[in-house]
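There are two complexes below, and they share chain A, which is joined by chain B in the first and by chain C in the second.
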Partner chain A sequence: MTRNTEGVLVAVASALAAFGVALVEFAGGESIGAQVGLTFLVFVIAFGGIHVSLRAWAPDATPLLLPPVALLAAIGFLEVYRLSPYRAGLQRWWLLLAAAVTCAVLAFLSRAGLSLLRRYRNTMLLVAVGLLLLPNLPSSGPLPIRGLTQGGSRLWVVFDLGFTELHFQPAEIAKVLFVAFLAAYLADRQAALTGAHRKLGPIRIPEPRQLVPLIAVWAGSLLILVYQRDLGASLLLFLTFAALLYAATGAAGYLVAGGLLAAGGGLAAWRLFDHVQRRVQAWLDPFADYADTGYQVAQGLFALGTGSLSGSGPGLGRPDLIPNAETDFIFAAVGEELGLAGSIAVLCCFALFLAAGFGIALRSRDRFRTLLAAGLTFVIGLQTFLIIGGVLRVLPLTGITLPFMSYGGSALIGNFLLLGLLARASQEERS
Partner chain B sequence: MPDIILALLRLIFLGLIYLFVWQVARGIATHLGIHAERRRRRGTKVVIVRSDTQAGLDFTVTDATVIGRSPEADIVIDDPYASEFHLRLVATENGLTLHDLGSTNGTYLNGRRVTAPAELRRGDAVQVGKTVMEIR
Partner chain C sequence: MNGPIRRLATALFLCFTVLLGAVTWIQAVRADTYRSDPRNARVAIAQAGKERGMIVSADGAVLAESVPDEDDPRRFTREYPLGPVFAHTVGYTSPIVGDGGLEAAYVDALRSRRDLTLSDIVAAILGRDLRPRSMRLTLDSRLQQIAYDALGDRAGAVVALDPRTGAVLASVSKPSFEPTLLGGADAAANWDQLLQDPGRPLLDRATRELFPPGSTFKTVVAAAALEAGVAGPDTLFDDPSEFQLPGSTATISNFGGGLCGNGSQVDLMRAFVRSCNTVFADLAIQVGAPDIGFMAEALGFNRDLDFPLPVAESVFPTAELENDDAALGQSGLGERNVRATPLQMAMVAAAVANDGVLMQPYLVDEMFDPDGNTVSRTEPEVLSEAMSPETAETLTEMMERVVTEGTGTAATVPGVRVAGKTGTAEAGQGRSYPWFIGFAPVDDPQIAVAVMFEPLPAEGTSETGGRVAAPVAAELIRGWLETRD
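What follows is the complex of A and B.
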């Protein structure tokens, strides 16, 4: 596939977004007009802009990353528009801003290169931790920036700009910085990590001393769970770290140790916190407390069941009955209105994105780039797995957004930042 | 009536999504070298389509294969106009490459004499003396 094909596919994805919006309006009996044109325009500017900056600043980067992202964004936008035209209007602005972030990353790194990130790894860690701590600011006070608790989790930061308030979820940016830090840290510590191992049967067990960072991050993610009550971010942080340790060393012992620690932490959290207990209860039997804790999961299941094979059609289902359908449960909304066919297409897109991302990691000759590409791709894959697993009742619900699809500005910006870094890694690997 | 149109448009929408996914999937398969790897492992089949005694025989090229009249060659062809070691076929990522090994009477690719290593495509005819082989 060439850069030209990428351009064509991006244009097709933009047309599909407009087509989807037109279908929603047609189904609602409204005249097809401004919204369709506006959607097409925004998608063409956003993804066309990324396409052009790839041509300008990363001409050798693989053309396989952008098309799946564009299609995911198109399908996601269609459902967000269908659920809330007001939020879709905001989402269009966020999409433009996020695309601008990708372009800026590509332009900025086209001179300095990714090695810049490696040099400033400790700064990135500080910024990431700072961002993670931001929501713990007092909820009221003289500062123009406040923390906010929503849905039981303390994840939000509110910027008071005087005339309006801007809500932001800093963890979405922090996760990208954290992966970049980890990749740099592990690339620098390579020798120390692979050196000593003990053998226990067929499994190589890392030296106890080598497990110190693993346990430190585990403790950190438990703190997030306790103080911010965010199961999703906590799991994401810890599992990403375990996966990167495995990618850096090839020692399956880290996966085993990581899995055991995660299970132990999860079990302890389940015993100690009632919000985790409620989640597990809603997972095991959503219909036991249908009207209250199990309501969201149960509605999601109804939506998927109603959708059947080809779905009710955009605008013709009732995904608005699912709480948080446009953020956490967007996959259920897709399942209802585009059916099994649509949801499998979404899964295919994610699979293709992951294949392209891991392809970059496998082909990179530089350790840092390999780990960075693997880590960034893993974050997207894990997030997709956790939230779709939660919607499908394979896992307890963790309450994170579906990358590139859910409504939400911080998530879009974080994930498009990640896209820019991946494209840059691909450029350096192939040029 | 609008219902039918709407149902049709819905299906077209889903169809377009799958067409899109298919296009990207093909690109990724090439990117990860799945095609090339499979072709390399399976090898390329070559069939002798014209020969006095060997017509209809076929062989598979998986790495480097020398063809000639000598019993030492990987593939022995029964043709008085062929040299002892006439040509070599090499399996690459993109298929086969043909090297003439300085044969007396030359190798012809689709009727044209080969002077430099040539990439072979499916359906190409390679002629050695009176023997013609086709790439499958």
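What follows is the complex of A and C.
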């Protein structure tokens, strides 16, 4: 596939977003108007901009990354527009901003290279931790920035800009910085990590000293869980960390230990917290407490079932009956209006993106780039699995967004930052 | 390092495979369960307030139409100008309890397709007309009203067919209900109330409920006997006051006791005209279960009828009667386990009227678009050639004499030759189901009817079909022939 094909596919995705908006307008009985053109324009500027930036600053990067992202963004936008035209209007601005971030990353790193990140790894960790702590700021006070509890989880930050308030979910950006830090840290410490291990009978276990960071991150994740009640972010960070440790060392013991710690933490959380218990209950049988805890999952299942094979058509289903349809449950909204066909298309797009990402990791000759690409790809794959698995009742529901599709500025910016880094990693391994 | 990354990638792709399986399970395998879950409001919401096509009767009366709301011209209210008279056939549409009757059976044609699926949009681009279709029924609003009034306050059903085509001219079940009650805001409460009503007003007795057909079933037995050559109208039978069922201590006696003829012998014609049970128990055993069953099935028994409304399958249990003459004797009188819908018995009369050819009954005459252009039209179809024209002619003669000199004289219409058969099926506790089936005019049949009343609730209130049901048939025949002039 060539860069030109990428351009064509991106244009097709933009046209699809506009066509989807037109269908929603048509279904609502509105005349097809400015929204269609505006959507097309924003998509062309955003993805066309990234495409041009790739030509300019990362000409050798794989052209397989951008098209699936563009298509996912188009499908996601269409559902956000269908659910809330107002939020879709905001989402367009966020999309432009996020694309600008990707372009900026590509431009900035074209000179300095990814090795720059490696040098500033501790700074990135500090920023990531700071971002993660932001929601714990007091909810009211003299500061123009404060924490906010929404839906039982404290993972929002509100910027008071005087004329308007901006809601922000810092974990979405922290996760990218965290992965970049981990990749740098593990690339530097690899020798120490792989060299030392003890034998306990037939099992090789890592040197206890080497388990310290693992336990530290585990404790940090638990803190996030306790203080922010954010099951999703907590699980995502911890499992990504364990996976990267495994990737860097090849010691399956890290995965086993990570899995045990996650299970132990989960069990403890289940025993200690009502909200975790309710989620597990809603997962096991959403219809048992249909009116309350099971309502969201049950509505998601109704939406998917009603959508059936070919869906109701954009604008013709009732995904608005699902609570948080445009964020956590965007997959159910897509499934209702675009059917099983749409659901599978979305899963395939993610799979393509993952394949391209892991391809970059496997081809990279540099340890840091390999771990960075693998970590960034893994975090997207895991996040997708966690939230779609929650919607489909494969897993208990963890309230996180679906990458590239859910409504939300911080998520878009974080994931487009990730896209820029992956593209840069691809550029460096090929040139 | 690549090994572990490969394994991580594999693990993620396995997770995605699980997601693919789960989403397919939910959206393909379990889709209908979730879609039709009563707590899932989607389907009902999607249909509520949408425009639907009109339903009109054969004579042009509006039976159902969508009227735009005053405040919101994009929303519609469904109105049923003739209400309970057509409630079981036309049906109802409700966002809360769903659709019923033809409103449910033809929902795809009646709804506007300007707004539903991708395939509709493709069809629109190809220039297909997606506006709601309207339909013209075979039901005649005047005949339907006559039947509705004639049943009075009693539970019962009337079905009238055009024997030459199979067109259903009237189909009434009582008690009935007001279909608009199920469309409004109080639909759920009204639905519950209708469900709990001991009179079961939601039940369509014309097509959905099975009743013992009683002596009207003798028409089927006689047809089988004539067709098999077992007996003719002049064939003589013994005339005992009680017929001893073979292999049983039970006996069959005539209605009200007594003899059929003079006490020695009686011919089949007289036995039919006077509806003698002794003779027909004897005859049924002589003809045998296979031949009666064959005739019954040719007339529609034991068959899944292709009809837009749900139809209960009428029953003649051939297999269980083959080695049980005692039961066969009782079954020949339309008792025991023989069961039929009023529609089924109207089909029996129609087949005799139409020279033995049974036409496929149908309710929808044509579909037309909002400009009034016919989109499709139902062509009459032969369902079966149940009996030879000679058998039909002989039966017609026997049935005409039922009305002129037998049990069915109350079905007489001045100036019209009417043929028919009465029935008085036992309902226990001295009660009965009065029946009448028939057709007219004999020389040019235009209408075949079945009239059935449910038993009165009190004990010992048995009434004969000849006294209660036959006059209703006469009213229908008179009314229909008047509208034809």
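Quick note on the criterion: the second predicted complex is superposed on the first by the 424 of 431 C-alpha atoms of A that agree within 3 Å, B and C clash if a C-alpha of one lies under 4 Å from a C-alpha of the other, contacts with A are read in each partner's own complex, and residues count from 1 in each chain.
One rule holds for everything that comes next: a contact is a pair of C-beta atoms (placed from the backbone, for glycine too) under 8 Å apart; a residue touches a chain by one contact, two chains touch by 3 or more.
If you're wondering where the values come from, they're calculated on a predicted model, not measured in any experiment.
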Exercise. Which of the two partners, first being chain B and second being chain C, lies in contact with A:313: first, second, both, or neither?
Worked result: both
Problem set entry | Which of chain B and chain C A:27 touches, first, second, both or neither | both
For this session: In the overlay, answer first, second, both or neither for which of chain B and chain C A:64 touches.
Result: first
Exercise. Which holds for A:325: it touches chain B only (first), chain C only (second), both, or neither?
Worked result: neither
Problem set entry | Touching partner for A:298 - first (chain B), second (chain C), both, neither | second
Exercise. Touching A:417, do we find chain B (first), chain C (second), both, or neither?
Worked result: neither
Problem set entry | chain A: partner with more touched residues, chain B or chain C | C
For this session: May I ask you to decide whether A:349 touches chain B, chain C, both, or neither, giving the answer as first, second, both or neither?
Result: first
Problem set entry | Residues of chain A contacting chain B in one complex and chain C in the other | 23, 26-27, 310-311, 313, 316, 339
Exercise. What part of chain A is in contact with chain C in the complex they form?
Worked result: 23, 26-27, 29, 243, 246-250, 290, 298, 301-313, 316-318, 321, 335, 339-340, 343-344, 347, 350-351, 354, 358, 361-362, 367, 370-371, 374, 377-378, 381-382, 385, 388-389, 392-394
Exercise. Quick one: in the complex, what on chain B touches chain A?
Worked result: 2, 6-7, 9-11, 13-14, 16-18, 20-21, 23-28, 30-32
Exercise. Quick one: in the complex, what on chain C touches chain A?
Worked result: 1-6, 8-9, 12-13, 15-16, 18-20, 22-24, 26-28, 30-35, 37, 39-43, 45-46, 74, 115-121
Seminar exercise, completed: Per the touch rule above, chain A residues touching chain B in the complex are 1, 5, 9, 12-13, 16, 19-20, 23, 26-27, 62-64, 67-68, 71, 75, 310-311, 313-314, 316, 338-339, 341-342, 345, 348-349, 352, 355-356, 359
